[in-house]
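Presented sequentially are two complexes of chain A, the first with chain B as partner and the second with chain C.
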Partner chain A sequence: MKLSARQICFFLAAVAPAGKLVLMPSQLVAQTANDLLLPVALQILAQSALVFAVLLLARNGRTVYGMLSDMVGGFFAKAACVLFAAFLLFAAFVPLVEQKILVQSIFYDTLPSYVAFAPFFLFAAYLCAKPLASLGRVWDMLAPLFLVGILGVLLLSVGNADFGALLPVGAAGAGGFGRGVAYTAGWFFDAALLLPLVGKFPYRKGLAWKGALCYLGGGILLLFFLAVYYGIFAEIAVTQLFAFAHMSKYFSGITAMGRIDYLFIFAIAFVMAFYTAMPVQAAVDALTDAFGHRRVLAPTLSTAFNAALLALMLAFNFVPSATVSAITQRAFWIFPVFAAGAPLLLLALSPVLNKRRERHAR
Partner chain B sequence: MKNVNEKLDATAAAMKKLLPAQDILQFSFSDGTGRQYVCFFADAITDKDLLGEQVFRPLMEYRGEARAKEIAAHVTAPEVRTERALGKLAAEVLAGNPVLLWDGMDEGLIAGTKKVPARAVSEPPTDVAIKGPREGFVEDVKLNTALVRKRLKTGELKIEFLTVGRRSQTAVAVCWLEGTSVQSAVDGVKEKLSAIDIDNVPDSSYLARFLSDRPYSLVKQVGTTEKPDIFCAKIAEGRVGVIADGSPIALTLPYMLVEDFQSSEDYFVPAARATFTRFLRLFALLVAIYLPAFYIASQLFKLQLLPVKLLLTIAGSIQDIPLSPSLEMLLVLLVLEVLNEASIRMPKYVGMALSVVGALVLGETAVSAGFVSTPAIIIVAFSGIGLYAVPNLIEETSVLRLAMLLVAGSVGTYGILLLSGFVLIYLVSTENYGVPLAAPFAPLTRRDLRDALLKYNLASLKTRPAALGSPNRRRQK
Partner chain C sequence: MRAKRFLRSFPMKLWIILAAIVAITFFSNDFGLVDIQKTAIILAAGIDRTADGFSLTAQIAVPKGSDRTTGGTSSVEIEGQGATVSDCISAIYAKTGWVPKLVFCDLVLLGEEAARANAFDALDFFLRNEYAPDSCLLAVCEGTAAETLKATSAIDDASSLALEKLFSDAAKKSGRVMTTTLREFAIGYYGRSASGYMPYVRMSSQSGAQGGSGGQNAAGGQGAAGGQSGQEMIFSAEQTAVFSQGRMTDVLTEAETFAFSLLKGNVYGGTLPSDGITLAVLRNDGSVSLAEEPTLQATLSVDLKVRLAGRDAPSSLENVAKDSVTEEELAAAESALRGAIGSLWERCAQSECDLFNLRRTLYRRSAAAYGTWKPLSQIGTEIRVRIEGLR
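Coming up: the complex of A and B.
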């Protein structure tokens, strides 16, 4: 097996939350104000359930492509994998834009060239071409790093947070809550990222529960982060686009020691860079599962996808926020269709598959 | 002629043809029956006293049959064997073992009276210990294997000699513990050593390239040590050791990066102290790699990284410097590397003068002349010192430091972050003999963390590192 169950849990608990710290908090506040925790809590619960479902699919040790080809034949299975890879590349766009804006805002005091972000695609192409075993090992290293980073930031910021700002609960109303849930869908598709990994890690008893609980644990950390974020910025939270890079600077020791919090911020940004490349990695995996020849296809696809995404990023360079808004506020429905629909459909069809396999075995 | 002939003259002539060098001597004598003998030996590497005492004297009084078995029994040298092939006999002569040929026999006798000039066992300069054994390997493979055997007095310790190098015919000892080392690693090492086809093997570092799964890797793939105690400890953990004749540096495989953060002394001091020093080494290494890069990135792209007062001090000291921050730092680093290179190779009595020139002329004067700023020199000095906290990784870290500096000067902190990402992916993807280079951190092996950066008490280290996959997991009850 290429990955271990522990590495999957590490990804769910301490890598996946890294992708939700940049633009999502401020977008959420724009819709729900102080009620930002409720929609995210619902998303986390839903994703935990989906993670549970995806991990259940891993019980029979087959890849998603393998399952699909048993159900509907090779041609349709390949078509489904291509469609799913297209979704993942679409989903990669939001994290990429976020990463780009983040880089230009927190890594430079001066005005950087608009291609300063370009080396990221070189990094992503390298990462996506690597075998899955390397990805799992990277998660082994990233998980503690993210925890150190986020806990460091939270520790330095929590003293300045006024949690009273989160009250009264329910002020945004059902409409605000609904918009909060819908508009954050673009950031919650982690179960879909796991789908191409199914069949590549050993399923042990209770893994589905463990995975769901790990995701829930990471989600609780995210909720605490959002609470501290709103507790610090309150009404102006909506303007704080990269809160995780700002909220700790009000710590009293910073004046004397300089921005020591950057150590934690860079740790989070480091993990975030890997998470940003994750949808492309998943797309490459889905396609190499379907078409084989991983040794040749993985580097080729990885290079091609990253080059295409770089070209798109340059094309949309001057309208990054509008791009994110378009994806998360207009095309948000695409995310649940794939991120929730695909695993649930597969889970629902798995009894059919099992029956067919039993029949073949006989 | 390929084999020894019963006619001594013909065999001796063939041997002389194979060994035409002037330092290969030929000594003829006869025994009590008047039978003629010819001995071939290399002048400077044969113990002539021992040869006379243990071979010539007993044979001059010998009156028995010409059979090899009886003659071998008559000489008193403890290491005696026979061989028919002339080529192999010639190789033995070149290795320092005299070869004896006599009339009426189609075999030659090899007497193990080699006496290779060797340095005495002393403390290795690169691995000095305050506590613990001070012995170091020398250039003689036999002496080195003796130092290993002295510490591992078990029949399970296997030492197999191979010959590598077409012309150097270097003896290479492969050492492992039967039942503890992973057999696939042992076989892999022997296979790779046998496949080497090179003229000359002057040092074990030559072998390290061939033993690596990734020979072109920037990161070392093979563990090195000059100390027999460390070598034995690694073999006892399940690794395979390689000692090459002519080199005081022994190799151990499979290698994990964490090994270089551990020193032999860590096992002789309290666990808390060992843990502290290991973290200190890691910190020093990170400082060595990242400090110059972050200094440059903070000046060029991200001023907020520095506290305001420090920023003002730096701004004051760099305002009249004609070079850009990255060029300035590159220049100072280059000077440090040159000084380092020169100080290693210069005679000791010139070394003092070099220090004065380096510290005063280049440092002080360059600052007062306004070529470089004081902070740049402080940063480079700090980085230079940090580099030596993990001496076995100097080659890798100095290259990485330079790469980080170049990236910091061109892309800034984001470049440093991405390059670190590249390095991380590279490190976790690299395996040697099936053992991940970044183990036990990636993949995470919880039990092995007890002796990685953390150092548990010796009583807690009951099992061998799981990452090595030893078939004999338990090392103490």
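Coming up: the complex of A and C.
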């Protein structure tokens, strides 16, 4: 099963932004106040460049494991894949925590049992056992769903936004900007999510540019969302953990029609559920690429990873804020190491690989 | 062969169906069934200060029977006391066994004493609680919130529903009431201006009123309904309480409230009483701007397009047909409105309530501009009022 270039573009433009709507806005505002757009703009530009780099890697049609084993041999390539899978599992934790508290707070109207979120892992276990390339058809459906959801929310919200709240620009200073960039790194690792897909879709001329532009397009939508979010909540934005689910309720028609905005919120939450499971799915894919035996290994790893993550979620159930802070504010440096380091290193080494292949060919 | 292939793929199909069912039930919150018999749907919360902390009066909706002759919502009021508002909620739970559900709480009413102490001592709980909507309306009432919520309304089954009628969009457009929500008030409180406002509710007895309006307001918990037990009450919210640093500092008169509404540009179809005539507002442009040079000066402008709504004396048929207002009458209306705006500014300046968010305006302009801020009483004002009739 192969992905198409269109499906990759759909993911970059209209699935990847879904993962940045829950805790990131309020965490960002805590550091930057009204200057929240600048750090995110920088992250989006950097990720677009990295997406470009990852898609360029796809030109030779080899998987990342295939490239690594040609460069450094099977043993080191396997070790690198294990390390990369460990990073993806680490990166999966914040989206899972986000999903859990989102479901508990938005879909319930009194405090639910803390195991209410557990069924998600059944869904994730199924999804993660499937190869990443099977997501192509899913992205075909999720991308329009996300666009309808986010545009619906924005349409109902934008009238209540006071964009003057974004002024004065630069009030957070260089320190605030720096912290904003560093502490949002935990949400921007989409280029790394693409790495296990390399070699599983045909590279067509211009795909690297198209992919980067699609990511940029999704990023602009995200920036507009953040501007509306801050325009609505201004000084209390830092308290709004699930802004996308609250922003539209101030629309004047809601009092007459009821919470019709829930249709859009559900659409976004549905897309988020797939995005949340994706790092684990990418980890399973990276390992099955390296070790083979996909039919046995994928379900085993999927079950093991999801069971372990469920156990961790229950263990850290009462420290969600500390958990998210530990990952995004203390261990934030891990994200650029893998999300930027891995694709750039592979791209830098690809001439070596090409030379070796040419030599072998002769 | 076909059967074999079907059987081979059957476990996976079953798994997909199971996953779909789980996903649907997960997203539709079917795991979170609500037992209505054990749940208290709070329509409104009234908060008062006590010697030991707070007293919260929750107006709880009670389902009516299936009698088709009655409609609407009946309610009971339950009081809980504690050091914090959260304690009060827990006390209500302990007293009644009902799980308090705040998701439908559309009104938080503060007693006068609670508002004068610091409104955010009381509102903190509602801002923190993710199940309480921050789109709920806020209001201050004369006396205690408990008395007001327990009062029998002459116009609705539940006093909170009668109050919410006063805060409707139509009422807001009339210019007679200035409504605010928890979100707006919190933004003002935590913002640079640290100021805000809420409608100020008074109640008076409806003399001669007979019977209910279809239902009954059963006072529960702490006994009889306020001091006006049995008497039907009418609420009004034409005055506005203004807040600085979270504390209620003053109450605007009806005329000042209307002027405030006009400055905000809220009014459409509202009426402006003047010397012997009443004008209906057809268009309302209002603004408050701040100039830094040479010294800080606020400009309060109101530009109205009006038509005559009524006179206090009989008019000729020609005058009724023409529907015209004389220049003198418009000038008198302008003068009255200018006076109300001036009085509004004076009241805000005295209590240092930055109702028009001028400090925030300066902050948004630049750091240098923000540095020029000085107390409201030292800021110059220019009031521009222009009222035009239909031609």
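Keep in mind that, in the parts below, the second predicted complex is superposed on the first by the 359 of 362 C-alpha atoms of A that agree within 3 Å, B and C clash if a C-alpha of one lies under 4 Å from a C-alpha of the other, contacts with A are read in each partner's own complex, and residues count from 1 in each chain.
The rule we apply is simple: a residue touches a chain if its C-beta (ideal position, glycine included) is under 8 Å from a C-beta of that chain, and two chains touch if they have at least 3 such contacts.
Treat the numbers as computed from the prediction; the structure is a model and nothing was measured.
Student: In the superposed arrangement, which partner chain does A:F107 touch: chain B (first), chain C (second), both, or neither?
Tutor: A:F107 sits against chain B and chain C alike.
Student: First (chain B), second (chain C), both or neither: which does A:F123 touch?
Tutor: So A:F123 meets both chain B and chain C here.
Student: First (chain B), second (chain C), both or neither: which does A:F270 touch?
Tutor: A:F270 contacts both chain B and chain C.
Student: After the superposition on A, what does A:R137 contact: first (chain B), second (chain C), both or neither?
Tutor: The answer is first: A:R137 touches chain B but not chain C.
Student: In the superposed arrangement, does A:A348 touch chain B (first), chain C (second), both or neither?
Tutor: neither
Student: Based on the superposed arrangement, let me know which partner A:A304 touches: chain B (first), chain C (second), both, or neither?
Tutor: neither
Student: For A:P168, is the partner it touches chain B (first), chain C (second), both, or none of the two (neither)?
Tutor: second
Student: Across the two complexes, what residues of chain A are contacted by chain B and by chain C?
Tutor: 103, 107-110, 112, 116, 119-120, 122-123, 126-127, 266, 269-270, 273
Student: Touching residues of chain C toward chain A in the complex: what are they?
Tutor: Contact set of chain C toward chain A: 15-16, 18-19, 22-23, 25-27, 29, 31-32, 34, 39, 99, 101, 103, 127-128, 130-131, 133-135, 169, 181, 183, 186-187, 190-191, 363-367.
Student: Show me the residue ranges of chain B that touch chain A in the complex, using the header's touch definition.
Tutor: 300-308, 310, 411-415, 417-418, 420-422, 424-425, 428-429, 436, 438, 441-444
Student: Under the touch definition given earlier, write down the residues of chain A that touch chain B in their complex.
Tutor: Contact set of chain A toward chain B: 4, 6-7, 103, 107-110, 112, 116-117, 119-120, 122-123, 126-127, 130-131, 133-134, 136-138, 140-141, 256-259, 262, 266, 269-270, 273-274.
Student: Quick check on the complex: what are the chain A residues that touch chain C?
Tutor: Touch list, chain A to chain C: 103, 105, 107-112, 116, 119-120, 122-123, 126-127, 164-165, 167-168, 171, 232-236, 239, 241-242, 246, 249-250, 252, 255, 266, 269-270, 273.
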